[in-house]
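Sending over a structure as structure tokens; questions will come in a sec.
Letters are used for the chains, namely A, B, C and D, taken in the order the chains are written, and counting of residues starts over at 1 for each.
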Amino acid sequence: MAGNTYGKAFKVTTFGESHGEALGVIVDGCPAGLELDESDIQRELDRRKPGTSRFVSQRKERDRVKILSGIFDGKTLGTPICMVIFNEDVNSRPYEKIKYKPRPNHADITYFLKYKHYDYRGGGRASGRETVARVAAGAIAKKLLSKFNIKILAYTVEIYGIKASVPKSVEQIEMNIEKNFLRCPDLDAAKKMEEEIERAMKQGDSLGGIVEIQILNVPYGLGEPVFDKLEADLAKAIMSIGAIKGIEFGLGFEFSRKKGSEVLDEFYLDNGKIKTRTNYSGGILGGISNGMPIVMRAVVKPTPSIKTRKLKTIDLLEMKETEIEISGRHDPCIVPRVIPVIEAMVAITLADHMIRAGYINPNTLL
Amino acid sequence: MAGNTYGKAFKVTTFGESHGEALGVIVDGCPAGLELDESDIQRELDRRKPGTSRFVSQRKERDRVKILSGIFDGKTLGTPICMVIFNEDVNSRPYEKIKYKPRPNHADITYFLKYKHYDYRGGGRASGRETVARVAAGAIAKKLLSKFNIKILAYTVEIYGIKASVPKSVEQIEMNIEKNFLRCPDLDAAKKMEEEIERAMKQGDSLGGIVEIQILNVPYGLGEPVFDKLEADLAKAIMSIGAIKGIEFGLGFEFSRKKGSEVLDEFYLDNGKIKTRTNYSGGILGGISNGMPIVMRAVVKPTPSIKTRKLKTIDLLEMKETEIEISGRHDPCIVPRVIPVIEAMVAITLADHMIRAGYINPNTLL
Amino acid sequence: MAGNTYGKAFKVTTFGESHGEALGVIVDGCPAGLELDESDIQRELDRRKPGTSRFVSQRKERDRVKILSGIFDGKTLGTPICMVIFNEDVNSRPYEKIKYKPRPNHADITYFLKYKHYDYRGGGRASGRETVARVAAGAIAKKLLSKFNIKILAYTVEIYGIKASVPKSVEQIEMNIEKNFLRCPDLDAAKKMEEEIERAMKQGDSLGGIVEIQILNVPYGLGEPVFDKLEADLAKAIMSIGAIKGIEFGLGFEFSRKKGSEVLDEFYLDNGKIKTRTNYSGGILGGISNGMPIVMRAVVKPTPSIKTRKLKTIDLLEMKETEIEISGRHDPCIVPRVIPVIEAMVAITLADHMIRAGYINPNTLL
Amino acid sequence: MAGNTYGKAFKVTTFGESHGEALGVIVDGCPAGLELDESDIQRELDRRKPGTSRFVSQRKERDRVKILSGIFDGKTLGTPICMVIFNEDVNSRPYEKIKYKPRPNHADITYFLKYKHYDYRGGGRASGRETVARVAAGAIAKKLLSKFNIKILAYTVEIYGIKASVPKSVEQIEMNIEKNFLRCPDLDAAKKMEEEIERAMKQGDSLGGIVEIQILNVPYGLGEPVFDKLEADLAKAIMSIGAIKGIEFGLGFEFSRKKGSEVLDEFYLDNGKIKTRTNYSGGILGGISNGMPIVMRAVVKPTPSIKTRKLKTIDLLEMKETEIEISGRHDPCIVPRVIPVIEAMVAITLADHMIRAGYINPNTLL
């Protein structure tokens, strides 16, 4: 029952299947007067598109976005903005043979059981390709947030057990992550991670990892207790991305190894502004932002499309056990491609809460 | 802006401040014909109420629930069910002195900044006491789910770094967790955990921990892609509990240390039913339940109400740095009291999705 | 499926059955800092309560409201406000005999068919008594709107075909409607209406009527196209009141007898403010308020609880035709009691749209 | 703030401006397994498209729909269905001169005031052209309802004061309305109505009218008290159409001229089925369908685009009074073109409530 809309004030509704005609999104609730054109969207889409490095899927999609509504004279109208990305390099042949043989860890089986009729080509609606629509919507949210100086940084901090050492300085992080395709702020670790990915790729295997996100310059007061707390909505937003299997805020799971007295963010005054010297809480107290950076981490599972061996499955027509081999074009490590999607979902959530908390006028920026 | 409602088909709206008149909840969307009386609710409330062991807050609340509507002749009517718990043992005196001196890691500061006017007594709306309303609503959800044989198990698996070894057998888990107030399935670990809590209590300190949740007998097909995926909604539900700072599904953060080939849940047929031998995915694929148990873990932070030392804060009236001492009645380890709250939020989410997926008739069970 | 919540930013959730324990409401989304106490609510409840004139139901309910949450130190907290009205003068005996014999034009039959189990006492949830909760919520909305100078006037303009002549001057209307219990602005017509009601009452019959509503000092810009237009939301709000069977805006159904050229509200400047000399459109263009008074009319059906004769119905247990006589305590004309309910629903809708359009800060008035 | 989505289970989100790139809609919540192709949609679009008779706007739009998602192998997937209609015959020149001179009774002024930046070309988002997206969505709803035998009949019953006499027999109505473009079931009245429209057209004037709607074969039990009553949701749906200024159910405004005893729909048994001989209530009791036909009427205002004279308005740039002449291509009577839009909104509302009440499985028809 109708689950393709996210957000209450800045509302995003996506559509599209991996091998269908097109994917896209309607953004409803962006105020009027925001300067916006297709290049703002395209820039973000280019960051997640396939075919850009030897490590990612070789499907060749230009991912050209077309804005169909909501913009006039270079500015948003306050009306719904529909954006469409037509599919171009669709090759459905490899999927014919898995039509009734669900791939392990994929959504084939659950879509089949739930809907009875499903699009098995390239994962259909469950494909990672669905996230192109999120990135398009996120690009608008980012542009809107940039007017309020809010910035989202997402970067790789772990791949296959190799942990990055994250610099304290935001500037240092920003500089380093632009220097490697994994967006890892520790350049030595990045090199080792790449080597592991290369090895996995050669084996037809895949690797997962952990992404850290920092949201900077967040005003205090975002988040609506007790259910639409900022952490709750961010968790939902990020957990709705297919590859993500966990999320933590501030010290996260490490909290279970600490005493209360060791993790208190005590207050001080910094030129009349209330701040905390530490940020174990990750910028959120009682579900409401406190003005410190919001910090969280999300885990990306290794893609299940591996080629190291045959996989045991069920022939759904004959209801008997069988085996399949995965073919098609896949990424050995999708972490770098998930990063812009995480950024997009974070941006959408923040834009939603900025309007809900009264920081952004819901009608117009003019 | 209005964030106190959770759920779309089974809709829960809570109200109440820690030291106000009462706390409570309206459950809207429970079908007619469910046998229900106050004892069904009371049983669950008794599990989270304060004053039941030496380790938990000594505030004495009987937490007597009163059902005000929605039930007639012992059965639900399909109309909204309002339940109220009046506050009894309210002692606001200890809070007078922190009125304008926000406690670190508490919501005092964010409520003050967001609303300008807030109830500083006992945390007001941000108090853990708010969860009594969730547990009441969860009791109805649990009763409803029990008609469909769905069972929720939640238990402690880690406290202050002491990890429990979780038995494979569900029966073993169920038996063990009833034997200790931490609901830890490993009795040896439970003993060590209790010792650490005792030590922390003596120091005026507090400890956090990790709770694991298993949902058994879940039918396939629950979860509404692409945003209301089951994982996304469970994450939101659980992350909306004040003390929780992270959540993971299946293998969770461990996925970042594995290759794809190591974590595939391959299919087999078990008497004509499609199953997987492993369950790294935690019972959910593509955001939809696959019929295997749903497995997740959540981290509970140590309560910030510690008494080991004075804490640095700001006098908000005079806007200068100062110090406070925490007094009042607090728990050294809230993990056991969070467990019924987690169960409640899981039950509410499942009830919501059972209706949304068409398994439960939204009008009536009769 | 869950239909007891109205509003998106100023969210109202009601509960309660006519002969149950209590009725009440949670208002979620009222900003912090609004001065509010029980007397603000009580004043409005007293306007709709039964037993106040010989023409209305003789059920004796004091309708004492109790605020359970959301207020502290005389001001709203921005947290949910729960208000409860306990039932006192419940006499369920007259309803025993219609338990399985649905009264024509009542909701008995539809509740029975939909839910299988229903509360037949006094109409249960479908009773007009349910509206006490709406009036309580409306009292808060009115208080909030009064800060922004918005005023709602509702008055009787027709009873059993007797039409009132409505004065042009708002002051005249305000003065006259306080002079008769029907709140009719035409005192001569009011007298004739009362005579007809007296006659109907003696016959055990009932009468309907038409209520006109004016909303004054509405800022331009309220209403969110294309579905949450102001007219659409007002129509929904008012049509959700049991007794209402139609609604019209501005010239309403009269538009079908006019040419376009006859009903144009042309613009002029009044001290630099854009106004229209006529107001055929009723203050709304394209679903958005234009700054002129909003004008609408709603029709109230005669109550179906009549005693002039036996009524044909079905014995649901034996599934055969039978007859019943209506007893119990009923109003010969509910129009005056519906008026405060209409005002409440209008106030709630306006408060919701004032927040949605950014006129009221969603967090706090302070 | 985000008002372009309608429905909770069958959710419709529209986009598009009159002279923009395209208009369209996402339908989210249609179950899998419904046979559907573009011709199902096109048939409905053709009924409302401009340029089909001498009485309607001469804008030449083929209104070719393109389905971008949600369909595979000729059946719905249960995923969102996006449909797009590209604009072709756009002529924006006539609108240049009214850019800052709002047309009376149009939304020009309110969009300008609300959003500051708006698309003045052809009414932008406020154009009647927006309804093409509703009709596309309605076509899917209709197809879905047809599986459950539900039928929607809408026809003209009044134009400029000329009232049609409506046959009792549904078959007679169906037969007659196909015989005239006004879809009037009284052929004599239809002729007179056409003459009046012809006269108005020659004068450059416009006429309004009343549309009656019957929904046949509705199961009992649709509608979710107390706010999402069937009448409330139908009222909202229909009142959200730009040209509509009033709606009534059953006897409607006539109820104010009747005694309670005159309008009772008493029950009888018809082959074991509970029915009423009369249907003053219009098929809904207590906000829930009772199994009788749902009957309502809506009033359509005359279009404000008239050419009989110059119209007084304000030059918004110079803030002084001025005059404009309306040009462009307009309909002298939009009633016949509003009819398919009303049908669409009714169908969407019914589909939504059929799912909400558990009559339609939300996942799949298979």
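To be clear about the criterion, a residue touches a chain if its C-beta (ideal position, glycine included) is under 8 Å from a C-beta of that chain, and two chains touch if they have at least 3 such contacts.
From a predicted model like this one, the values you see are computed outputs, not experimental measurements.
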Note = The chain whose C-alpha centroid lies farthest from that of chain A is chain C
Key: Comparison of A-C and A-D (more C-beta pairs in contact)   = A-D
Request  = Please compute the C-alpha centroid of chain A, do the same for chain D, then give the distance between them in whole Å.
outcome  = 39
Request  = Report, in whole Å, the distance between the mean C-alpha point of chain A and the mean C-alpha point of chain B.
outcome  = 26
Ask   = For chain A and chain C, what's the span in angstrom between their mean Cα positions?
value = 46
Task = Pull out every residue in chain C that's touching 2 or more other chains.
result = 1-5, 8-9, 14, 79, 114, 125, 221, 225, 356-358, 362-363
Request  = Enumerate the contact residues on chain D facing chain C in the complex.
outcome  = 1-6, 8-9, 14, 102, 104-107, 109-111, 113-114, 125-126, 130, 158-161, 200, 203, 205-210, 220-221, 223-229, 231-237, 239-240, 242, 245-253, 255-261, 263-269, 272, 274, 276, 280-282, 284-291, 299-306, 308-309, 311-314, 319-321, 356-358
Inquiry  = Under the stated contact criterion, what part of chain B meets chain D in this complex?
reply    = 8, 79, 221, 225, 356-358, 361-363
Task = Please give the residue numbers of chain C that touch chain B in the complex, ascending.
result = 1-5, 7-11, 13-17, 20-24, 26, 28-29, 32-33, 66-70, 72-73, 75-82, 84, 114-119, 124-125, 355, 362-364, 366
